[in-house]
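Pasting in a structure now, in structure tokens, and then I'll have a few things to ask.
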Amino acid sequence: MSDVLLSARDLSVSFGGLVAVNKVSFQVQRGEVFTLIGPNGAGKTTVFNLISRFYKPTSGEIDYAGESLIRKAAHEIAALGIARTFQNIELFENATVLANLLVGRHIRRGIGFWRSALFTGRARAGEIGARAKVEEVIDLLELQHHRDSLVAGLPYGVRKVVELARALCMEPKLLLLDEPSSGLNVEETDDMAFWIQDIKNELGITVLMVEHDMALVSRVSDRVLAMNQGEVLAMGSPQEVQAHPAVIEAYLGAVEDVALLRRSVS
Amino acid sequence: MRTHLFNNCLSSMRWSLIALLAVGASMAQAQVQGITDTEIVIGAVLDLSGPLAIAGGPQRDGMIFATEEINNAGGIHGRKIRLILEDSGYDTKKGILITQKLLSQDKVFALVNTFGSAIVQATQPVAIEHGIPFLFPSAASNITYLPFHPLKFGLFATSNDHMRVVVDYAYGKLGKRRFGILYQDDETGQSALRAAEDQLKAHGLTLVERTSYKRGDTNFSAQVSRLKAANADIVVVGHSIREGASVAIETKAHGWPVDMMVPWGTVNAVITLGGPAVEGLYGATQFAVQPQTTAFKAFNERFKARFGHGGIQDYGTYGYTAMMLFAEGAKNAGRNLTPQSLSQGLEKIKNFKTTIEGPLITYGPGNHASPADAYIMQVRAGRWVQIAGPIAYENMAK
Amino acid sequence: MQVAQLILSGVAQGCIYGLVALGFVLIYKATETVSFAQGEFMMLGAFCGLALIVGLGFPFWLALLGSTAAVALLGIALERIVIRPVLGQPVFAIFMLTLGLGYVLRGLITMVPYWGIETHALPVPYKGQVWNLAGLHMSAEQGVVIAVTAGLCALLYVMFRYSRIGIAMQAASQNQLAAYYMGIPVKSLNGLVWGLAAAVAAVAGMLLAPMTFIHANMGYIGLKAFPAAIVGGFTSLPGAIVGGVTIGVVESLSGFYLPVGFKDIAAYIVVLIMLMIRPNGLFGEKLRKKV
Amino acid sequence: MRFIFKTSYDQDIVLAKHGGHVFWYSVLGLFLLAAPWIFGEYWLAQLTFVLIYSIVGLGLMLLAGYTGLPSIGHGAFLGVGAYTQAVLSNAGWPFPLSMAAAALITALVGAIVGLPALRVRGLYLAVATLAFGFIVQEAFARWESVTGGNAGISVMAPHIMGWKLASPVAFYFLCLVLTVASTLLIVNLLRTPTGRAFVAIRDSEISAQSMGINLAHFKTLAFSISAALTGLAGALYAHKLQFISPEQFDIVMSIDLLLMAIIGGLGSVHGAFLGAIFLISMPQMIALAKDYLPQALAQANGLQAVIYGLVVIAFIMFEPLGIYGRWVKVRTYLQTVPLYRKGTFTRQKTFQKSDRLK
């Protein structure tokens, strides 16, 4: 499979002298699950934030489906078909799950201020269409009985799923998952793995994720990229990367992460 | 749209009804708003909590005192006055709402001494529209009696008149030539400014410096620097009480011994606040608390007994006079009291004067103007002393 | 010469703004809330001092301490009763809460018969004295304001730098949760911070009183302390004073050189410009949310 | 307890969710239509003010409640609308035109004031709007050729083609129509992508962006709509008071408006109305209460401020969701009694959200 969806070339960013990401290059193939691993502060999330254009790279290029992301604004990324979730959940706390998911349809709203204000027939049709799509996702991720509850009241695990659902409602081509299993218990992690595979196989969505739980990583990833202190350590199949001496060394460097390497922590 | 039209004419009927009530002449006594066989309801909108509560408080006491005197003396043709005092906090919106309440809820017969130019400007039309007499408002501008209307009567000296008196006095008696003015940045202050400029023009002079402050300002050093830089030999502080004292203090802080005048607000507060700094300050007032005639002394003792704190003063005298003036007009109107008969009753008043020293008040058909004369006062040894008056300004125009 | 004179009086006025702003910053740093009631604390401080001097015949300096202490206690009490229960609610709600607090405090003062609605002069030993330094006139009032402000800043600096409690406060203001885990009693610290802020405001009130007068609405000067705090960067203590002085001087100069009216809005124009070009103010730190 | 079985998506979209809604809102509607014949002149005037303030409340609700952008400058917006209306209708414009102009001009001003919102938020934004408020008020006082300066200007009754809405009743209905229109506008926005974008911005700017929401566009939009409604209310306000002067649109007015929204209940359309009712009726209630209070207390000037302040404090401490929030609880209780579970509404304590972090 030689069809590249996203490619980063010599990506670097530094905040006030501190180099967070240094000359990182990688390519994400269409239809694969590509995972970034590495100890805390390795710069994985920073790479995500570069892709979603929250940060501006000091140098380097990011191309997505043939066009450069560098010249895009943060809010233009979604329209290209890139959705993401966040390490520590960024949901719309004081809205219902339903409302959260409907926001996912924003880029496909197709009506402006005046049609909204007057609630024209087209607005109504749009609403019903959006709702139909949202319901599909709700069924897929089994959120039915949370539909009308406020996010603020939901347990962590469910929120994690809601955030995933919200991303799926965007019908993205590329899905960025930032530590999808963090804070989940074993069963929830299991579901998550299952869903990630579904997303890849059933929905045909390419997934780029950051993950600590190596069990999950090896289970769903096609390829893994290990980072440390903003630099690429190794890239390849999960097994290869885990075996890679540099990677082990890096993890041993940070004791608490050895634990993460060995067993999956909730 | 039809409903609109419908309501429109319906309510226009209501309006004409109110008008009829107001005109009242043809109607039975009982139907005049605010009048019963035993009672006359009077409304007053004062500033009791706002920035000018310093003046509103004394006014309230003056009005209450007058009302009690009248009622104790048997009232007016057998009717006692019921005085409804409301607090506007010197807030225009609040003033308007309260006035609407007095008119349509408390059903007052007349509004006496509404306080504050902006509030008067806003509420006078409403009252007149209701056919309710709008009497003796404390607004230092001639809108209190102009344009002429049978239900409008002025008593409060206009800022223009007093400013002109003050300017004349400073020019003629004090030989001042370099006038600087520090006026409060609102309508009253600005019209005072215009009056000063106008009167100076009559003497062939112009202001050497004009600067303003906002109500509640705390720091006047910039303004005083300006006046000092212009080397004024007298500073007129337009429309203020608290600020007058502040400015006096500020000039001392600048080591600048300059004469100062306030066209009104000769209240003791200025002295208690300003202390030695206001010694020698000139001021003008409409009703003087001197000479201390025996009659006045007795009056003031009664006043003290009633309200405690240091006897009647400037704004108190105004409130008192306003109520007495109303009573006089109502007496003249006779038992059949309507807005019209009251108006005619007031127009009968000639050379009216209360126990308190003041200009002789005279109204007449077509003349509801406030008296223009003023007493010139000065702070001497820590108290206001009357040094001239009552005098009116010389109108150079004529 | 003229300019120097204007700047001098601007600085004096600015110190008042600065002191009130100092209260804002203290509270904001510690609890990330803004107390709209600072101005009212200032007003209370002045009234309290007046009561002590006129009523109980205290000497000025003693009254200064007395009212400062009293208002500080009030601050602590209010934090405990009103603010602490609502911590965790949106910053904005707490802001409105302190607004309501301001209404109540101002209302209570005006409810005191006669006394409350009247304007009072604060008798101080140095009243009316004027110093003449090299052609510059400075009233003793202004001098005292500047001196005390400087002293107060030094005091606060030392306290935050060296005393354990000061350091604890700093820690808490950096990261409440972390500080809490480190065993710092964050809650009672917040109480102290409120007390401190109230105290500073009270001092400002006592200093302002001789220059202007004491009345229920004198607290509105707090509105000009907001721009001061923003200009200084809402998270910097020295910034508050610098911001205050900046505002004061700009006002004084615009009052002299610019046409009527500019003096009154100078502060707000300055703050808008600042927000446009440098939202974090002169000394504010820039923080970024981690996602 | 009422259970609603949903059979179509429409049921979540339509405004009246069930028969109860239909019934009660029709009752309210009839009451409002009959009001002029139920109330005397004075109370009708109060009701008219309630309507006018409700429109402001809606605007403020959209901005502060739904988009999370606090404004202490709405007094100034009200002023811009009022002055535009005063000047134009005195210049002989028919009221539909002048009111449209008032709304439009205020919307433009709002868009400008919104500019800082693109860079700063929370407290900083609040101060920016505060500063703007002062500057605009100063402009009213200075621009004498148009505004009449501190002298203020009196406003003639709304008129069109010679027909004057001079009577309080006619004017009441004008306010009623505009209030209903504004309400529909807001609820429509809130059930469509635009409204959800506002909420998204309120709760998490960062993920709103990653959902493809253009912050600059929607923040400016929120400010413009809010300002437009406030401007429209200002136009009505000008006619109702018949006289406007700069000091009417000061900081105190802005704060009152904000408190109105808070007390009514941020983030609920009902709140806008409840808040307005509170703001207007509170002074009346106190006036009535005065008759029963001891003289010394009743005469005290600060009483109103104290009560006002206490109410605000009480609401934020015990009922952050405002009057509407309280009502919801009472209603749920009545519906579920005796099955009502204690603590149905207990909020879990959240850690303080940092406002410094953007």
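Letters are used for the chains, namely A, B, C and D, taken in the order the chains are written, and counting of residues starts over at 1 for each.
One rule holds in what follows: a residue touches a chain if its C-beta (ideal position, glycine included) is under 8 Å from a C-beta of that chain, and two chains touch if they have at least 3 such contacts.
Since we're looking at a predicted model, the values are computed, not measured.
Enquirer: Looking across all chain pairs, point out the one with the most C-beta pairs in contact.
Expert: Highest contact count belongs to chains C-D.
Enquirer: Of all chains present, which has the mean Cα position farthest from that of chain A?
Expert: Greatest centre separation from chain A goes to chain B.
Enquirer: Where the CA atoms of chain B average out and where those of chain C average out, how many Å apart are those spots?
Expert: Here the centre of chain C sits 38 Å away from the centre of chain B.
Enquirer: How many angstrom lie between the CA centroids of chain C and chain D, rounded to a whole number?
Expert: For chain C versus chain D, the centre distance works out to 32 Å.
Enquirer: Taking the mean of the C-alpha atoms as each chain's centre, how many Å separate chain A from chain B?
Expert: Taking the average C-alpha coordinate of chain A and of chain B, the gap between them is 74 Å.
Enquirer: Report, in whole Å, the distance between the mean C-alpha point of chain A and the mean C-alpha point of chain C.
Expert: Once rounded, the distance between the two centres reads 47 Å.
Enquirer: Taking each residue of chain A in turn, which ones touch at least two of the other chains?
Expert: 54, 86, 90
Enquirer: So which stretches of chain C touch two or more other chains?
Expert: 110, 117, 261, 264, 291
Enquirer: Which parts of chain B, given as residue numbers and ranges, touch two or more other chains?
Expert: Counting only residues that touch two or more other chains, chain B contributes 48-49, 53, 185.
Enquirer: Under the definition above, what is the set of chain A residues touching chain D in their complex?
Expert: 52, 54, 73-79, 83-84, 86, 90-95, 98-99, 102-107, 109, 111-113, 115-119, 123-124, 126-128, 130-132, 152-153, 166, 170
Enquirer: Going by the contact rule at the top, pick out the chain C residues touching chain B in the complex.
Expert: 2, 5-6, 9, 13, 110, 114, 117-121, 127-128, 130, 132, 137-139, 141-142, 208, 211-213, 215, 217-218, 220-221, 251-256, 260-261, 263-264
Enquirer: Contact residues on chain D for chain C in the complex?
Expert: 64, 70, 115-116, 119-120, 122-124, 126-128, 130-132, 134-135, 138, 141-142, 206, 251, 255, 258-259, 262, 296-297, 300-313, 316-317, 320, 349-358
Enquirer: What part of chain B is in contact with chain C in the complex they form?
Expert: Per the stated touch rule, the residues are 48-49, 51, 53-54, 57, 185, 210-212, 214, 216-219, 221-223, 225-226, 229, 242, 245-246, 249, 252-255, 269, 272-277, 309.
Enquirer: Taking the touch rule as given, give the residues of chain D at its contact with chain B in the complex, in rising order.
Expert: 36, 40-42, 45, 141, 149-152, 154, 163, 165-170, 173-174, 241-243, 245, 247-248, 252-253, 283, 301-302
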